[in-house]
Amino acid sequence: MTDVVATNQTILVVGGGISGMTAAIEAAECGKQVVLVEKSPTLGGRTALLYRYFPKLCHPTCGLEINLRRIKSSRNIRVLTLAEVSAISGKRGDYSATIKIAPRYVNEHCTACGACADAVAAEVPNPFNYGLSKMKAAYLPHVMAYPQRYVLDASLIGTPEADKAKASCKYGAIDLAMQPETIEVRAGAVIWATGWQPYDAAKIQPYGYDRFANVITSLEFERLADPHGPTGGKILRPSDGKEAKNVAFIQCAGSRDENHLRHCSRICCMASLKQTQYVKEAWGAGAKSTVYYIDIRAIDRFEDFYQKVQNDPTVSFLKSKVAKVTQDKSGDVVLHGVDTEGYHRYANAHDMAVLAIGMQPSVAGVDIPAEIIADSSGFIESSAAESGFFGAGCATNALDVNRAVQSSTAAALRAIQVINQVARAEA
Amino acid sequence: MAKREYAFYPGCSSQLRGSAANYLVSVESMCEKLDVKMTQIPDWNCCGASISYAGSSELARHVLSARNFALSDKHLPGQDIVATCAACWLGGRETIEKLDASSQLMADTNEALKEAGLEYKSGTAIRHMVEVLVEDLGYEELGKPVVKPLDGVKVAGYVGCQTNRPFGIAGESFENPMYLDKLIDTVGGESIAKYEEKVSCCGGSLAFCEQEKAEKQIKNIVESAYDHGADVICTPCPLCQANVEVYQSEINRKQGTKLNMPVVYYSQLLSVAYGGTLKEAGLDGHIIQPKKLQEIAVKVVGRR
Amino acid sequence: MGDLNTQMLDKYRNNFLHEVEEKVDDGHWVKMCMQCGVCAGSCTFGPDWEHTPQKIFMMIRAGKREEVLSSHSMWLCTSCYNCMVRCPRELPITHIMHGLASYAHRLGLAPKNQPTRDFSLIFWDNCTKTGRVNELRMTISVYFREGIVSGIKKMWTLRNVGRGLFFAKRLNPLELFVSHGCKDKDGLRRALKKADEIEARRRGYAVQPRGYSS
Amino acid sequence: MADMKTAAYICKGCGIGERVDTAQMAKIATKEGKMHLVREHDFLCSAAGVQVIRDDIEREGATHVLIAACSRRAKTEAFYFPSIALSRANIREGVIWARPDTEEARETTQEMADDYLRMGCGELKKMKLAGGVQDTGHAKRLLVVGGGVSGLTAAAEASKTGYQVVLVEKAAALGGWAAKLHRRMPLREPYAEPQDTGMAELIKAVTGDANIKVITNAVIARTDGAPGRFKVDISVESGPSLTEEVGAIIQATGFSTYDIAKLPELGGGKSPNVIDQAELERLAKQAAGKGQAIVRPSDGGEVKTVVFVQCAGQRDSTGKHLAYCSGFCCGASIKQAMYFKDANPAVDTVVIYDDLRVPGNGEDFYRSAQNKGVTFTKGRIASVEAKGDACEVKFRDLILDEDATIAAADLVVLATGQVPNSGVNIDIPAEEAAKMEVKPVSILNLSYRQGKDMPQLAHGFTDSHFICFPYETRRTGIYSAGPVRRPMDMVQATEDATGATLKAIQAMENAELGRAAHPRSGDLSYPIVQLDGCTQCKRCTVECPFGAIDEDEKTYPVFNESRCRRCGTCMGACPVRVISFENYSCDTVGAQIKAVDVPDEFSEKPRILVLACENDAYPAIDMAGMQRNCYSAFVRVIPVRCLGSVNTIWITDALSAGFDGIMMLGCKHGDDYQCHFVKGSELASVRMSKIDDTLKQLALETERVISHDVAITDMARVPQLINDYAAKINEIGMSPLKGFA
C-alpha cells in the first residue's frame, strides 16, 4: 500500500512535466509539503522528449537533471507515478483527491540494474519515441527516468516472459501480483499542470499524415534528431530510411484553423526554426529546409533567433499555407500551394515534410472539475473565485517552456497563499 | 409495400434521352433489387445547378430548390428527397442550410413561392442516392443481392467534387473518401486504394465553356486510372460521367493519345452485380463501352 | 468614378469593401480572410487564374474596384469547393466567387464574351424557360454564341461526340422542337420574377429585364 | 570539531560482487583508507542495508560515511543521512558498467574500483558536515521597486501570501503605463472585446493594504547587504529619506516607449497626427472622458482613416533601432483599431504588418477585429509624410506585390516597442559609460563590488539566460519582473510578477535557514575564507558570477553567504587556496588526486584525471555507464561543482603525482552558454589558457591538460573523447614526472 502523508496544508500537483515539477519544487523550496502525481511511469513530460530547446539549442535534459536533483534533495516532495486523479471533492483549503495508481509490477527494491530487461525478449512500441521504435517490455522509460526504477509492460503479465523477468531479479523487486490501488490524498490546494497533447495530425486530411509515411509531426521529428531516438539521431525518412536532407516545415498544422484548433499554438514557429537547425547540424551545407508559414511568430527576443535563421543559406521561407501534400513515386512528398507574396504557384518535392503540429490541452475531452473554467479550446482559463484549484503551464494556454515555468511558479505561489491561510486559521 | 420509400428528384440530365438517361435506368433497376421505392416529385423543376449564378441571384436559386421541396412536402409528405445528381443534391443542401440560417431569406423565398401558390416549411431532408445506400441500407445489405460478383474487374472509384465537398458523405474525409471503394468491393470488384485523382475536379460545367482546361483535368483523371490498371472508372455524378467519358475522344484527337477508358455509375456496378441485363444496367448507354461489365451482364448464371 | 483623384483617395479606404459587403452574395465574409493562400493552392483552374481568391480579397480591401470586377478570375470557378472546405477561416469562397461574378455581370463590368458568363446566362435562360434544362438547345446556343460560323465549326469538331451520345440514347434531336418542362412553368416564372424584385429591393439595384420577366 | 569516526560500506549488488573483488576493496579501505569501520553488503540500498548504516551512525557514532556502490545520482533517497558527512564511490555506473565484462579487462577494472575506493576514503577524511550559515538575516519584508502593473501585482500577491511589502514608485501616482490605458486586451473567452484595465481596483487594493507600505515620488539611493538583510536607503522627493530593512527585492521598473522622433521616415516628430500607441491611449481616454470621438490632433478634425504601422523601429536588423519584437504591439493595435470601429464603423482602420503576432487566443481577438471591419495589409512601410492635416502613407503591399499609397490618413499610429528601464549596464566599462550621450541612471544603486544594477542579458533586458529557470538572475534575492526583463503585455506581466514574488519569498526563507538557492538548492555548505593567508588579490571578488563578495577598505574579501550560490568559483580563483567549503575544498579534491595509485612508467598503465562538472559532464559519464558505453580503465573521474571551482593546484598536484593527462569536462560557454553558474566554465577556460606556461616550466607537453565542452546528452561522445585522449596519451608517452612524487 502506498502511504502518503498529506494534510489540508499539502499542495497536490497534478502532472509531472516541466510545469508540474517546477510548481512542486518551487513550493517545496518555500517549505511546503507537496504531492506530485504523474500518470506515466516517469517525471519529465514532453520536454524530456525534445532534442533541443529554442532559442539556445541547449538540451532539455540539462534542466531536467537540475530539477530532478532538487526533487531528490527535497524532503518535502512525494512523487507518485503511474498515478491519476480520478475524483476530487471538498473545497479550497480542504480537498480530498482519489488517486488511482496503476501497477508497475516493480517495487522499491529495484536497483535499475537492468537484469529483467536482459531476461525478457518481448518488445512493445516505445511511447517515448511516439511508437517510432520498439523497446523491451521490461524497461526503464528513458535514461533520465525518475524514479529510476524499471517497469513491466502490462502485456507481459500472465506470460512466461513475466516469470523470466521475475526470475532474473535478485532483489525481489518484481511483483507480478501487484494490483491497481486507489488512495485518498488530502490537499489544501491543487495545481493542474496536466500539460498538452499534439493535435491529431490525421485529421488534417490535405496533408496526408495518415497516407504518406514521409509526412511526420514536429514531435516525431524531435525524436528523429535525438541521439536516443529511433534512428540514433540520424535524420532518415520513415518510408525507406533515405537521408532526409531536403525537409519541408508546414506551419499552422491544425492551429489557427476553424476546422481544427481555433487558437495559435505559439511554439510551432519557433520549433520549426529550431528544427531547420537540426537539418543543418545533420547535413551541413547540403541541408535544405523550407518553412511554409502564414505569419512567423517569433515573439520578443526570439526575433534574434528568427533573424539568425533567416540569414542561414540552408533555410528558405515561403508565405503560404500549403494546400495539399501528395507523394510521388520516389517517395518524395510534393507540397502544392501558392506563395502569397506576389503570386507564385509551386509544387515542391521534399524528402520529408514536418507538420508543425498544434497544441491542445491534455484535458481536452476529459472531465475536469466544475470549479475549473476552460476556454473554447479546453485550456484552463481560470478557476471559480474562492477555488483552491490553479492551472499551470500548457494546461492553461499554448506556452513555450520559459512561459510555462513562469506560469507554474505563479501557480505555486497561489497555492501557497491557500496553504498559509489554512495554517493561519489553524494556528 | 416496399421496404423503403423516398421522394425522387432525378434532375434534368436523368430525363428520358438526357445525357444521364442510363444513370436513371440503372438506379431504377438497382432500387428494385434493393426493394427501395422511389416516387418522382410531381412537376419538379431544375435546381439551377452551380453554374447559373451570372444570370440568376442567390434568392432565385433558393426559390428553385424550395419549389421542389414544397412540392415534395405536398405530394409525398414525410419522405426524404433523394437526388441522384451531385449538383442537384448540393444545391438542395445549400438552400436548406441557408434558409434555416436566415429567417429573412426564408421569408423572401416564400414570398416568391407564393406566386406559384406554394409554401416551403423547413424540415426537408435531401439525400444523395449514395447516402441512401451506405447509410440507410449499409454495405452488408448491399452485398446480399449480389448474384454476379464483379470478379477481376478493376474499378477506379472517381468521387469527384460535389458529392464530396462541401458536405460529403457522413464519416468520409474530403481528401480520401472511401465509400465508392467500399461499394466496389461490396459487389466483388477490385477497388484502387491509391487512386490519386479520386477527388479532383473534371472541370464540371466549365467543360462547356473552358473545354481545353477541363480536358487537362480529364486527361489526368483517366491516365491515373490507367496507371493503376483500371478497367473502368466509376462515379456518383452525372456531369463527371459525361465529361470524363465524352471528352476522351477529343483529347485523343488533339493530343494523339489513345484514351479509351469506360466511365460508369456506381448504380450500374450494383445493377450488373444484382443480375441486371445490359439494358437494365444502362450499359447500352455508353460511348466508350465498358466491355468487362457488359460481358458479366450478358453472362447467364445458374439459379442459386 | 474614373476620376483618378477619387480613385487614389479610395485606395485602401474601405468603400469597395463596404460595397461588396452590401451587394455581393456572402460578400460580408471578405474581411475575414487572413491571406494564408490555401484557397489559391486548392483551386482546380488555379494555374489559369490572373488573381487568386485570396488576392482578390486583398484587392477588394485595397479598393481596386475595376480590376476586381473586370477580372476573368471569378469566372474560372468550377464549383469544386476545395477552397471552401480548406479555408481555415471558413469563408464560403466558392459562393463569394459566384457572387462577385454575378455582381460584375450585373454592373456590366464583366469581360465581354466571357465564356463562362455567357454559358451561365444561357443555362439560366434555358432552364427557366420551361423549368427544366433542354440539353440540346443549351449546347447549341453555347456553340453558336460567337456566331454561326464558329458554331458550325464547333459542332463539326464535336460531331463524333454527338453521334456517340445519340446512339447511346443520351441525346434527343427532337428536343430541338419539344422540351421537357414543368406543367406549371408559368407559376415558376412568376416566382422567379418575384425573387428578382425582392433581390433588387434588398440590395438596392434595378431589376434587370429577363426572359421570364416579360 | 568532535573527533571523526569513519565508516566505509561496499555494496556487492547489481553485479559489483561478481565483477570486482570487494574483499580486496574492504582490505584497502581498512589498510590504506584507514576507515574505522568497513562493511560489505549484498544489497546496501535495501531497507536492511540502510539500517546497517543507520545503526553504525547511532550506535557506533560514525560521523563520516563512504558508500562504495552506485553513482551519487542513484538511490539518493535511500542513502540520506543528514547528520553525517557522506561520500559516494561510484563503483557501478563508474566502473563495472563502464567496462567490458571480459577476462583481460578484469585487472584494470579492479584497479579502477580500488582507486575509487581510495579516492572516496581520501575525500571523506577531509570533509566536514555542512552546518549552514549562522546568523544571516531574518528580514521577511519584500521591497518592490516600481508601481506599475507588475510591481502592484507583486506587492498584492506577497501580501496575500502573508508577507510585508515596501513599494517604491518614482512617480507621484501608482499604475504606470497600464493605468494610462483606455482599455486592455481581453483576458477571457470570447476574447473579442477590449476590456477595463482593472488598474483602479488594483491600486485601491494595494494602497488600502496594511501590509504594504507605499512610497511614491521616491527612488532607491543605496542598496546594501544580502538576502534576508538588505538595507535600502530610499530618497523621497521633497521629504526625509528613509531606510528600510528588507529580505528580498523585486525590480519591476517596467519600460519606456521608444522615442518616435527617432523615426522621422515614418513621420515621427514631423506631424502631430503621427503618434505612438501610448499617445493614442491618452487620446482615447481623454475622448471617452468627454464622451466624444477621437479627433485629429492637428486641428481637432474628424478622423475618417487611421493607419496602424506595426514594428515601427522594431525588428530592425540594421542596428539603427530596436532589434527585437515587443510582442504586445500587434494585439495593442488591434485593440486600438477597435476603439474607432466600436465608436463609428464608418471609420477606416488599416493595420499594416509584416507578421501579425497574436499567439494563443489572440487569434480570436484578431478575428473579432476583422469582423468589426478592421482591415489588415501585409506590407512594408516606405514612408509617412504629412500633407497638411492628412498623412500620406507609402508602403509596399507584399500580397499584391506592388508599391501602394494611402493618400490621406487622418491619424497614423506607430507601434513602437518597449525599452526596458534597467538602469546601468554594469558590463560597460566606466570609461566607455562616461562617453555615452545619455548617462543611464542606476535604479538599485547596489553597493555591490560588481556594480550598481542587475546584470543585463540582451538589448538591455535583465532576463535570465535559462529556459528552464527564467527567474534565475545573477543577483541572489533580487528578481526582475515585467517588461524590464522581457518585452511583454499586461497578462504576462501579471503572471511574471506573481512568479517573481514566489522566488523572492523563497530567497528570504532560504536566507534565514542559511540554505543555497538554485541550482544547489538546499546546500548548507558555504565558502569559508582564512583571511590570514589572503593576499588581497581580488580575484575572488572579481570573478564571483553572482556578485556575492565585496571588499573591505583593505580590499580583503567580504563574503555575503546568502548571495552565494555555492559554485566554488572563488575557491577556484584563489591563488593561495584560503577559500573552501566544509564538504568541498582544495583538500577534498586534492586528497582524491593523491589517493590514486599511480603505476610506474613501465607499467603501460597511464592515469588520466577527469575533472567533470557535476551538472552536465558527470551525469553524461554516468549515463554512458548506464548504457554500457565502455571507456578506458585508465581514467579517474572526480566530479566538481563547476569548472569554475577548479583550482590550478589540482592540476599541478595531479601532474606531480604522476598523472599522464588531465581532462576538464564542463559546460558550453559563450553566447549560448550552458554553465549553470553563468561564468564558471568561461573563467575556467581563461585560467586553463594560462596553464600551458606551467606545463612548459615542468617540461611537459601541452596536450597533458585538455578541456572539452560537454553536454548532458553526450553519453556516447564522452567515452569517445576519453578513449581518443587515452590513445593520444599513449602516443606522447608516459609522464616523465612519475615516481618523483
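By letter and in written order, the chains are A, B, C and D; residue numbering begins at 1 in each of them.
Heads up, the rule we're going with is that a contact is a pair of C-beta atoms (placed from the backbone, for glycine too) under 8 Å apart; a residue touches a chain by one contact, two chains touch by 3 or more.
Note that this is a predicted model, so its numbers are computed, not measured.
Colleague: Applying the document's contact definition, name the chain pair with more C-beta pairs in contact, A-C or A-B.
Modeller: Pair with the higher count of C-beta contacts: A-C.
Colleague: Based on CA centres, what chain would you say lies at the far end from subunit B?
Modeller: D
Colleague: Based on Cα centres, what is the most central chain?
Modeller: It is chain A that sits nearest the middle.
Colleague: Suppose each chain is reduced to the average of its Cα coordinates; what separation in Å results between subunit A and subunit C?
Modeller: Measuring from centre to centre gives 51 Å for this pair.
Colleague: Could you please state the distance in Å, as a whole number, between where the Cα atoms of subunit A are centred and where those of subunit B are centred?
Modeller: 47
Colleague: Where the CA atoms of subunit C average out and where those of subunit D average out, how many Å apart are those spots?
Modeller: 64
Colleague: Distance-wise, how many Å sit between the C-alpha centres of subunit A and subunit D, to the nearest whole number?
Modeller: The answer is 24 Å.
Colleague: Enumerate the residues of subunit D that touch no fewer than two other chains.
Modeller: Within subunit D, residues 378, 399 contact more than one other chain.
Colleague: Among the residues of subunit B, which are close enough to touch at least two other chains?
Modeller: As it turns out, subunit B has residues touching two or more other chains at 174.
Colleague: If a residue has to touch 2 or more other chains to count, which residues of subunit A qualify?
Modeller: In subunit A, residues 206, 256, 319, 324, 340, 343 touch at least two other chains, as defined above.
Colleague: Following the definition at the start, I'd like every touching pair of chains, please.
Modeller: Those chain pairs which touch are A-B, A-C, A-D, B-C, C-D.
Colleague: What does subunit A use to touch subunit C in their complex?
Modeller: These residues of subunit A touch subunit C: 206, 252, 256-260, 294, 319-324, 336-340, 343, 345.
Colleague: What residues on subunit D touch subunit C, complex-wise?
Modeller: It is residues 305, 348, 350, 366-367, 370-371, 373, 375-378, 397, 399-400, 404-408 of subunit D that touch subunit C.
Colleague: What residues of subunit D sit close enough to touch subunit A in their complex?
Modeller: The touching residues are 13-15, 43, 45-46, 70, 73-77, 80, 157, 160-162, 188-191, 315, 317, 323-327, 355-364, 378, 398-399, 401, 458-459, 461, 463, 465-471, 486-488, 492, 495-496, 498-499, 501-503, 505-506, 509-510, 518-519, 521-522, 615-616, 619, 623, 626-627, 668, 672, 674, 676, 711-713, 715-716.
Colleague: For the complex, give me every residue of subunit A touching subunit B.
Modeller: 205-206, 208, 211, 324, 326
Colleague: For subunit B, which residues count as touching subunit C in their complex?
Modeller: 12-13, 15-22, 43-46, 48-60, 62-64, 67, 108-109, 111-118, 161-162, 165-166, 174, 200-201, 203-206, 208-210, 213-214, 217, 246-247, 249-250, 253, 284-287
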